[in-house]
Amino acid sequence: MNDIIRPSLKVQLGKIKFKNPVITCSGTFSHGEEHMVFYDIGKLGAVTTKSYSLLPMKGNPPPRICETASGVLNSIGLQNDGIDSFIYRHLPWMKGAGASIILSIFGRTTEEFKKIALRILDIKSEILAVELNLSCPNLEQGGKAFCAVPEEVKRVVDSVVSMLDIPVIVKLSPDFETIDRSAELARQSGAEAISIINTVVGMAVDIDTAKPLLGNVTGGLSGPAVKPIALARVYQLCQQDILPVIAMGGVFGYRDLLEFLIVGARAVGIGTANFVQYDIGERILNDLTAYLREKKIDDVNKIIGRLKVEKKQA
Amino acid sequence: MNDIIRPSLKVQLGKIKFKNPVITCSGTFSHGEEHMVFYDIGKLGAVTTKSYSLLPMKGNPPPRICETASGVLNSIGLQNDGIDSFIYRHLPWMKGAGASIILSIFGRTTEEFKKIALRILDIKSEILAVELNLSCPNLEQGGKAFCAVPEEVKRVVDSVVSMLDIPVIVKLSPDFETIDRSAELARQSGAEAISIINTVVGMAVDIDTAKPLLGNVTGGLSGPAVKPIALARVYQLCQQDILPVIAMGGVFGYRDLLEFLIVGARAVGIGTANFVQYDIGERILNDLTAYLREKKIDDVNKIIGRLKVEKKQA
Amino acid sequence: MKLLNSEILSNQQYGPGIFKMELFSPYIVRNVMAGQFVNIRCAPNDGTDPLLRRPFSVFDIEERFNVFSVLYMVKGKGTGYMSSLRKGDTVDLAGPMGSGIDLNTGSKDILLIGGGMGIAPLNLIAKMALARGKNVFIMAGFRDSSLLRWERDLVRMEVKYRIFSEDGKWGEKGLVSEYIFEGDRFYKKHEIYVCGPVEMLKIIQEKLGRYQISATALLEEKMACGIGVCMGCVVKIRGKNGSFSYKRVCREGPAFELSEVVFE
Amino acid sequence: MKLLNSEILSNQQYGPGIFKMELFSPYIVRNVMAGQFVNIRCAPNDGTDPLLRRPFSVFDIEERFNVFSVLYMVKGKGTGYMSSLRKGDTVDLAGPMGSGIDLNTGSKDILLIGGGMGIAPLNLIAKMALARGKNVFIMAGFRDSSLLRWERDLVRMEVKYRIFSEDGKWGEKGLVSEYIFEGDRFYKKHEIYVCGPVEMLKIIQEKLGRYQISATALLEEKMACGIGVCMGCVVKIRGKNGSFSYKRVCREGPAFELSEVVFE
């Protein structure tokens, strides 16, 4: 009855090729070691590492996690062991596990980004792409996020691209209206794709103590609560057709992934869901394949950007 | 055992006096007629009417509602009968019901705002304040929201304030980074308070038909999902201490209301919750009173702005 | 209209994926009119997912016992939650809602045309019309025989009916909408009520339109509030001279003159 | 560590607002070490509220029957949901998690100091230590007698214990933390495990510190993932030369050397 045995799942974003559009988001999957207990992470389109800075960072004081309605606030504060720890400890493990790797990095100055890029030079053949987490604070702009100021995005991308001949992905936050402009400047500077959304700024208060529920006062909201926001941002960006888009925000099942593909994303990241359904990556991959088969769609690319908008007259 | 029989609930925002900080949000309570079946709306600090334009507006094509995780997307499109219908039909009923009234209005040009202000002149003694819904599209700026451009906020506030000697509240959307600037210009132009947040831009897609789940493609997200976002915006604005703040976004119980008061809001609006718990206004009012009594707090103002932030060193 | 906590007297499978929930509520039983619905909260305690209430037509009432029932199909989270409830649990509901249909006046002959779960509100119309001494004739079409059990209710009501099913396994084989209107005589003398999928309503609208026969359609639309405050549940209704307006299913409806509904 | 669907064998009240849930799981029973926990999904099906799993210490295991249990206090949505489950329902859980405590080595004398629900992990430590022929002495303090039933479990385990309660209605009147350390002799020869509210841990840390007696504290922190990927559940741990680092309760913990924990 069913002819499509193995629908093609390959997607391409500029020069970046993924074997399928199911990837995991930075900071929510570590390097895959923990999840490898639950499924073979080599099956994923890509694993995005946590974001690395040049030197180790301690991160923010606890509490760092606060659950909200259908969402999670976090103020991890980018705790990480520094880029060298990735290169010497985690990368070898990831290669061994057969993971396709997106390396996420951040700096607090353009200079720091450059220094990290320098370290990566040697291992560039072992990773699919570098993702620049530009939602991190830019010390040269008083701690405002890099992506708040499109020109700062440009500066960083310019310098990283000039040093590394591997694809660069720019990750943006939904909190700024400058998304289109940042994407455009990133394109001009040679970025390959845009990842969106990072978490949304949020907060929660313990009414009994009158203290913020996060050690860092505000934090980033993720999970199903933000999915409609992410989808609107991805849709709006895809409409501009500036760069291919990797979408993320609240994906908890294959139906969410399909929504993002339909509005135009070429790959979709799973974040918070990794905390709840440890095998979600594999599950979504299987469900996607089953869906395509059932609908007799032989190539996942046929779904991408297929949104039907019939603006009715009111 | 308990000495505080009747804690004082009065709050004041500039010249606006509310008998208590519990108000209902524009567009979620109509004029209170429907909710009057469930409780006496005269008890509320204020009822904010739906937003009125000069002439009747049909609104957006259906579907207009889509439920999301702990939230609701709507694309009502400001359907309303026009300001005259408020003045001649609804206002008399509201006065009869003993409601304290905030009249919400919007125009698509500054001119339209002025024309509406002119109509209100006669009834100004019957309302507590006028709320300018500045999240509506500004036709003079290509349909971008008024509050996207602080100078446009100023233009509207200037003209309304110059015509009406009743307090003006400016309602802003969380989607723009210009909140502080808009608030500052609104203050300079004589506004009395800021209402925040309006809904967050969001979207949802029906994967079976590949069509948006809202007739208008994108819509506004409200409900518990957005509470952390609203709280962060209110906190950040209150920190600036530009104008008193009326907070809203995801309030479903008195604990939510207290969170907003603690970060500095002087009054709190109930929106989407009116759709689910029809008696929520009265319930929150009772629960707030009971809470203050239990905590032996004799005046609700003692809670406002009491957030304890001890930024720990990481 | 009231907010109520009603006790479940039974919540049993009626067909595959279909349940009938019987609730104790003197208030609903005393006040409900044909065509009205109740709005049920489908999350435990202060849960926020699903957030909104779910509307369900009142399917039946048992005045002697102060019991009313809803017939529902499990579709998603809300109805899934409902199906997990048991006898003795209470349900947070509000109702009766919507403008009811007054069966004390109007024609003595009532024709009800239903498709699938659309029979839910028609069942109560039938019961109430019969109680007022009217003649009720039901034509109902189904995809399969999931709702087979309903025939027992019809037999008990002693109502005239014809059943159609697409697979022919229940009643006659075919679609109601196809069968209908081989002529107009019969239909003209009846007061007609229609409830079912949009595709069916469209065909019937078109066919009745040819003979300018009026009918009342019971519509569904996604709802946020159910009480008329949000303007979310509107349908497009034709006005005079090519104009139209958006009317609320939860207030002006769910019953509308079929010929005036604009399906898009 | 595995994702499991475990059947509930019983879920009964243990005290006011406190339940004990017994679950069938050969895998957990075979693999769990003292101090480990399971991470339970507390929303039905694909519900998103509450979103995150909830961590619970393994309270007890019955190897013969492949049954383990968790003792939990109803605090909010998650535990409220758990308390609504019944025998025969299945629970989506993952475990065992956290680095366990190896009781095959170490001192022959074990002292367990617990406060309130903090007794949950201590119970399993006691059981496992006894099974390894160790001497176990328990000192536990409570606000009231909600956990009274636990004394039956202690008697059955044939363990030595002293109970304190603030109201004096159960065991001796007073706080464990006050009572403790009238001298240091007794404590020095024991391997000590402590679990309870932060206030209690602080006092004990201070008192033990005076005599430089080491102890293992079982800590709690809000968790997002429970498997070590999110860096959410960290506590501040003193390093050498005044330095410190953030360690994960779900991976490096829940057991930490008490003297190294920085309470803020």
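Labels A, B, C and D are assigned to the chains in the order they are written; within every chain, residues are numbered from 1.
Simple rule for what comes next: contacts are C-beta pairs under 8 Å (C-beta built on N, C-alpha and C of every residue); 3 or more make two chains touch, one makes a residue touch a chain.
Because the structure is a prediction, the values reported are computed rather than measured.
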Chain A to chain B, fewest steps along touching chains: 1
Computing the C-alpha centre of each chain, which chain sits at the greatest distance from chain C? D
Return the distance between the CA-based centres of chain C and chain D, expressed in whole Å. 54
Rounded Å distance, chain A centre to chain D centre (Cα mean): 36
Rounded to a whole Å, what is the gap between the Cα centroids of chain B and chain D? 46
Among chain A residues, those touching two or more other chains are 58-59, 61, 69-71, 223-225, 312
Would you please write down the residue numbers of chain D that are in contact with two or more other chains? 46, 48-49, 264
Which of line, ring, star, complete or other matches the graph of chains that touch? complete
Within the complex, which stretch of chain B touches chain C? 27-30, 34-35, 37-38, 58-59, 61-67, 69-72, 74, 76, 79, 223-225, 252-253, 272, 274-279
Complex interface listing, chain C residues touching chain B: 1-3, 41, 46, 48-53, 94, 221-236, 245-246, 264
Spell out the part of chain D that touches chain B in their complex, as residue ranges. 48-49, 264
Chain D-touching residues of chain B, taken from the complex the two chains share: 69-70, 312
So in the complex, the part of chain C that touches chain D is made up of which residues? 43-49, 77, 80-81, 84
